[in-house]
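Below you will find the structure I want to go over with you.
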Amino acid sequence: MNLPLAIRLGSTFQSIDVESGSSGRLVVQVPGESVVPVLTFLKEEGYGYLQLVSCVDWIDRGALQLVYLLSCYTEDEIGGEEGSQEVFVKTNVPRGRASVPSAIGVYEIAEPYEREIHELYGVHFEGHPRLTPLFLERDYEIPPFRKDFDTKQYVADVFDSVPPVKEEG
Amino acid sequence: MRVLWFILSPLIALAVGLFFLGLSRRIMARIHWRYGPPLYQPLIDILRQFTQKSVSHGRLFDIGIVLSLAGSIVLIEFLPFGGVCPMSSSGGMLVILYVMLLMPLGVALSGGEAANPNTSIGISRNLILAMGYELPLLLVLLALMTRYETISIVEIVSAQREAGPAFVSFPLVLSGVAYLLILPAVLGVRPFEVVQAPQEIASGPVAEYGGPYLALVTIQHALSLFIGTSLFVNLLWGGASNPVVLILKMLVVFVLVLFVNASFPRLRVEQAVRYLWRWPSLAALAGLILVATIGR
Amino acid sequence: MILGLLLTVAFGGALLTYLLGKVSSKLRDWFAVLVSLALVALVVSLYGKTLSFPFYEGFLGMPLTLRVDGLSWLFAVSASAIGLLSVVFSLGYMKGKDRTSFYYSMLLLVNAAMLGVVLSGDLLALFVFWEIMSWSTFLLISYNGGPALTAGMKYFVMSFVGSLAMLAGVLTLHGSFGTLEFGGVAAGMSSASPGYVLAILVLFGVAFWTKNAIWPFHAWLPPAHSEAPSPFSAVLSGILIKMGVYGFLLLSFVLVGLKSFVSLGGGSVPFHTVLSVVGAITILLPTFIAIFQTDAKRLLAWSTVAQAGYIILGISFATSLSVAGGVLHFLSHAVFKALLFMVVGAVEYRTGGVRDLDSLGGLIKRMPVTFVVAVIGVCGLIGVPLTNGFVSKWLIYKTLILERSPFLAFAALFGTWGTILYGYKFLHNIFLGQLPQRYEDMERAPFSMVLPMTILSVVVVLFGVLPGIPLSVVDTIGVSFGFESLDVSLWGLASDSGALNTVNILVAVLVGFVVVWSVFRSGARGARVDQSDSYAAGAAVPTDRYQYSVRFYAPLRGMVAPYLKDLVDSFYVRLAGWVGGLGDGLRRVYTGYVGDYVMYIVLFLAALIFIQTTWSPW
Amino acid sequence: MDRNELMKWIKAPAKMAHKYSLNAVYFCTGCGIIEVPPTITSRWDAERFGVVPSATPRHANLFLITGYVSVKTLRAIIRTYEQMPEPKYTVGFGSCTINGGMYWDSYNTIKRLDKYIPIDGYIAGCMPRPEAIFVAVTHLWTLIDKDMADGYKRYRKNYAAYRANQEMVLGKLEWPPLFPKETGTGTADGAAMAMDVASHTTGRTG
């Protein structure tokens, strides 16, 4: 019996709500601690490919939203009537103490994405082998991609304070 | 008169070599459907490189490149230059073969001192490629030396003057074909430009050469173009009675090789050696066997 | 009398060194150097004399005589000179090692045995000294224990087979001619049938080829050289191998005589051409194997096998030029190979026993003198003009080409390019490239090591620039063999079909160098930078990871490696395994029950009776 | 090759040689590099002006900094610039090298490049077309003629200030100073300046 994926998901996990997003995609809202179980469930369902992990800073709601985009390339019908090729898994994390279990156990590919999010958003991923810096050369108190990071002030402090080279003599 | 040639022949060789270099850049540009630099561009490059101040990696780094250029100048003294050969009486073809290995060895020593993997990879490719074209080249030279029963290049040239160029006499036509097939490799031209590949190994052994070092390398490149073509013309096309005819013959051969340069991508080292050890070597071997058995 | 004195000094010195070692190591070291010095002086004083001196009667009723002539003088001088230099070298090398007095006495014993072999006047003395040389070499090869023991055992078994063949040869000669003295044997051999001469040649040849590590019998050399202590492998590779060459020269030109040696074998395939083909194979195969070695001493060992091919090719081609080239190449190879082994010894001494080509590099910054000496040695090995290797190879090539055998010449010439590849790999992986962090503060090689190396490198260049010096000695040897003399001039060969003139080349290279150097110095002069300021695509140079030396000729390896399996060596290993199995099978005969032994005796007696009664072949 | 060109060759051959043989470092620092391939190939052919791409900075005397410079690329640019033999010229493409351009408020790009390495000239345009590059080359010729293209001299003279600025943004550099003598005096105050800024944002050690 291949009940549509949305119903099966709803039945196996309690505190999640599933609705269909644009162009047949499924959007699954998940609480922080049950991200990994949902990902493993979807992986067994055939969504073997994690396209990306990204992060949105909802500063007014005081939350960082992590978005996992999964897709499946097998031919047979997976989800509901026309089969949803992609699934969004979203989870909200408090801005102050942002920490989520790492998805590397399920999808190896998540490693660089999580490193980048850690560097630019300051979200800590438990169980991540190396959360070392990836792009940035310098240290930042407030991770640069957060909305409360004031770039103009930072540029004034760091780059404009560098004196131009005066011509001696 | 001969003493004059001791000084004159390297200078003419340098002039001809630079002319070849400028011509090759011009012809390559024309084939690419663009104007290309003026013919005297290599001269400008050398003058610019001489006045630039670059770094040195140690005394061996300087001595190696100078030794290599001195080796090519000595080699030019051994080559007959249209009717006159400054150093004809001391060793003949064998010394030419051995001094020819002095050039890559000098660059190899100074490149090694530059302590850069690009140079080391370039040098190992240079030696492997040299071993690649050395096999057919040796077979061709041995066929010539056995055919004319001498190890002196001057006698090979004079023997060809009466009996006509070696390229057309029966057993040696195979050796001539083999030598022509490996000439791009001897000159280090495009299909076999694997040693100074700019994209892969930052121009190989010369990656660390700045100002004056680079000038010497450009001069060395010009001289080696001259040596490669003049050796081919002297050995297989009967040399020439006067320098002008020799240079014209060399020009024909060089332009022919340039078209090969323009139409082939760069090979990997093992592909180049696999090619060099297959058809050219078979032709050279057949030529040698024929010469050793029947060709008197 | 001088010969007798020489031998007593040599053998007595070896014994005394061991005893002095008990007293004080300093005294022993200087005594060893003194003895070697005395030997060199004595041998040099014998120049040009041909003496004979029966030094011991009563050995099976035959006198053991010593004899010196042009050929044996050349070998004696080079043996004693290189022996002296290696003793001086091991003063520094052996500091702090155990059993050094045993090492020094063995080294002097090997030196003495070599002099004995070379100066012996008859085949019996030759065989006696040959045996002493063999087992003392075994003791020295297995000096380091562990893998050196198996290498020594492999050497011992192969040279033992050779000695047995030689013993058989000596006995047959004694049986047929009654005397073992060279003159008598030569007289007898000239009247002997070609088949008999061929048999004698093969019998003695097996002994000399195993010692000289010619292609089918070369299996013992690479492990033996790389496991022996470096000063001794300098002697082993430089001189001790060449005792096979001396024996071969003695056999083919003195005993058998030139004319019959050349006309030997079937008309179409004369014996000496077969030998030169074997020589050519010995050049090519080991050269390619040497290219892919990663242990410095093993690379040099394979190169020794290859260079021995040149010598055999030269000698067995049997024209005046080629024999001169072969003997001269023996001399030059002895010099530059001993030099290269000493260089590896110096590097080993300073880096604490490391000789793996993959983990060294950049040592020119810490050991510049050793590098200069190594470059001269490698140039000699390759045969770059103005080194002694070039002169001897030039002679061999010229005669190979002019005597209408271009394929042998091709093998020799192509072998030279292989030599360039492994010669440059040896230099690059040890001395050039990035200096590893751990060798930052390594001091230079000690003076006791640098002195012998500089002397050898001076000899390499001197004989290259003025080849007349060694050529005149080699020419007298050629004349004593019955070849016509070469018109030797101080700086080369002034013969009609292409002369060699090294002074011209020297002048040309020097002038060219001076001109180019002045032009180069006219350009702007840059600052001297260290190895960290090198192009790394905009990044800083990582320490200890910016060196290309592992799998140095990887592209070539893919093409050539399948043909490089050492079939001969694997054959020997299988043979050893088979013999082991045979021995194991025989062991089962001894079951340990007395009853079985009684049964064997009864069966044996029954068989005897049966044969006696029913079948009498006589 | 008219008369006064010939006179120039006779009077100052070295300068002329530097003009007509510009080897450009083939190092894509920013988005402008997309304009360089058409410049050196058939349609526009920079080789007729003597401009040829070279594989290593050691062969080059022209450094084209094409477009914005991120903090990470600055480290490689400084390293490459210091490895080029003197005399060397640098040309900045577009406004990003002048004042940061459209990345003026980005946390990750360098705003005024000539605070860190000397620049001899800028080309306007985001990104300048090949014709603009040729105009720049001819302008560079006139600068060389008038001895105004002296970026490398300025770098040598004020090396202490340049080095201090570089270390202010990039933290400690892994390679020693290019002109140790000049920085002898400079390091003291350079370090002092760096300290107060460092308290605000610590420079990451390389």
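Note that the chains are named A, B, C and D in the order they appear, and that numbering of residues resets to 1 at the start of each chain.
Convention: a residue touches a chain if its C-beta (ideal position, glycine included) is under 8 Å from a C-beta of that chain, and two chains touch if they have at least 3 such contacts.
Every value quoted in this text rests on a predicted model; they were computed, and no experiment measured them.
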item: Chain with minimal offset from the mean of all protein Cα atoms; value: B
item: Intercentroid distance (Cα basis), subunit D paired with subunit A, Å; value: 39
item: Centre distance in Å when subunit A and subunit B are each reduced to the mean of their C-alpha atoms; value: 61
item: Mean-CA-position distance for subunit C and subunit B (Å); value: 37
item: Gap in Å, rounded to a whole number, between the CA centres of subunit C and subunit A; value: 71
item: Shared-contact residues (touching 2 or more other chains) in subunit D; value: 56, 58, 75, 83, 85
item: Multi-chain contact sites of subunit A, meaning residues that touch two or more partners; value: none
item: Contacts with two or more other chains, residues of subunit B listed in rising order; value: 51-55, 118, 202, 207-208, 210-211
item: All touching chain pairs, where touch follows the definition stated at the start; value: A-D, B-C, B-D, C-D
item: Residue ranges of subunit B in contact with subunit D within the complex; value: 25, 29, 32-37, 41, 44-45, 47-48, 51-55, 118, 198-199, 202-203, 206-211, 214
item: Subunit B to subunit C touching residues, read off their complex; value: 49-58, 60, 62, 65-67, 69-71, 73-74, 77, 87, 89-92, 94-95, 97-99, 101-102, 105, 108-109, 112-118, 120-121, 123-125, 127-128, 130-131, 134-135, 138-139, 142-143, 145-146, 149-152, 202, 207-208, 210-212, 215-216, 268-270, 273-274, 277, 288, 291-292
item: Residues of subunit C that touch subunit D when the two form their complex; value: 526, 532-533, 535-540
item: Subunit D to subunit A touching residues, read off their complex; value: 71-72, 75, 100, 104-108, 110-112, 114-115, 118, 154, 157-158, 161-162, 165, 168-171, 193, 197, 200-204
item: Interface residues, subunit D side, partner subunit C - complex; value: 27, 56-58, 75-77, 79-80, 83, 85, 174-176, 206
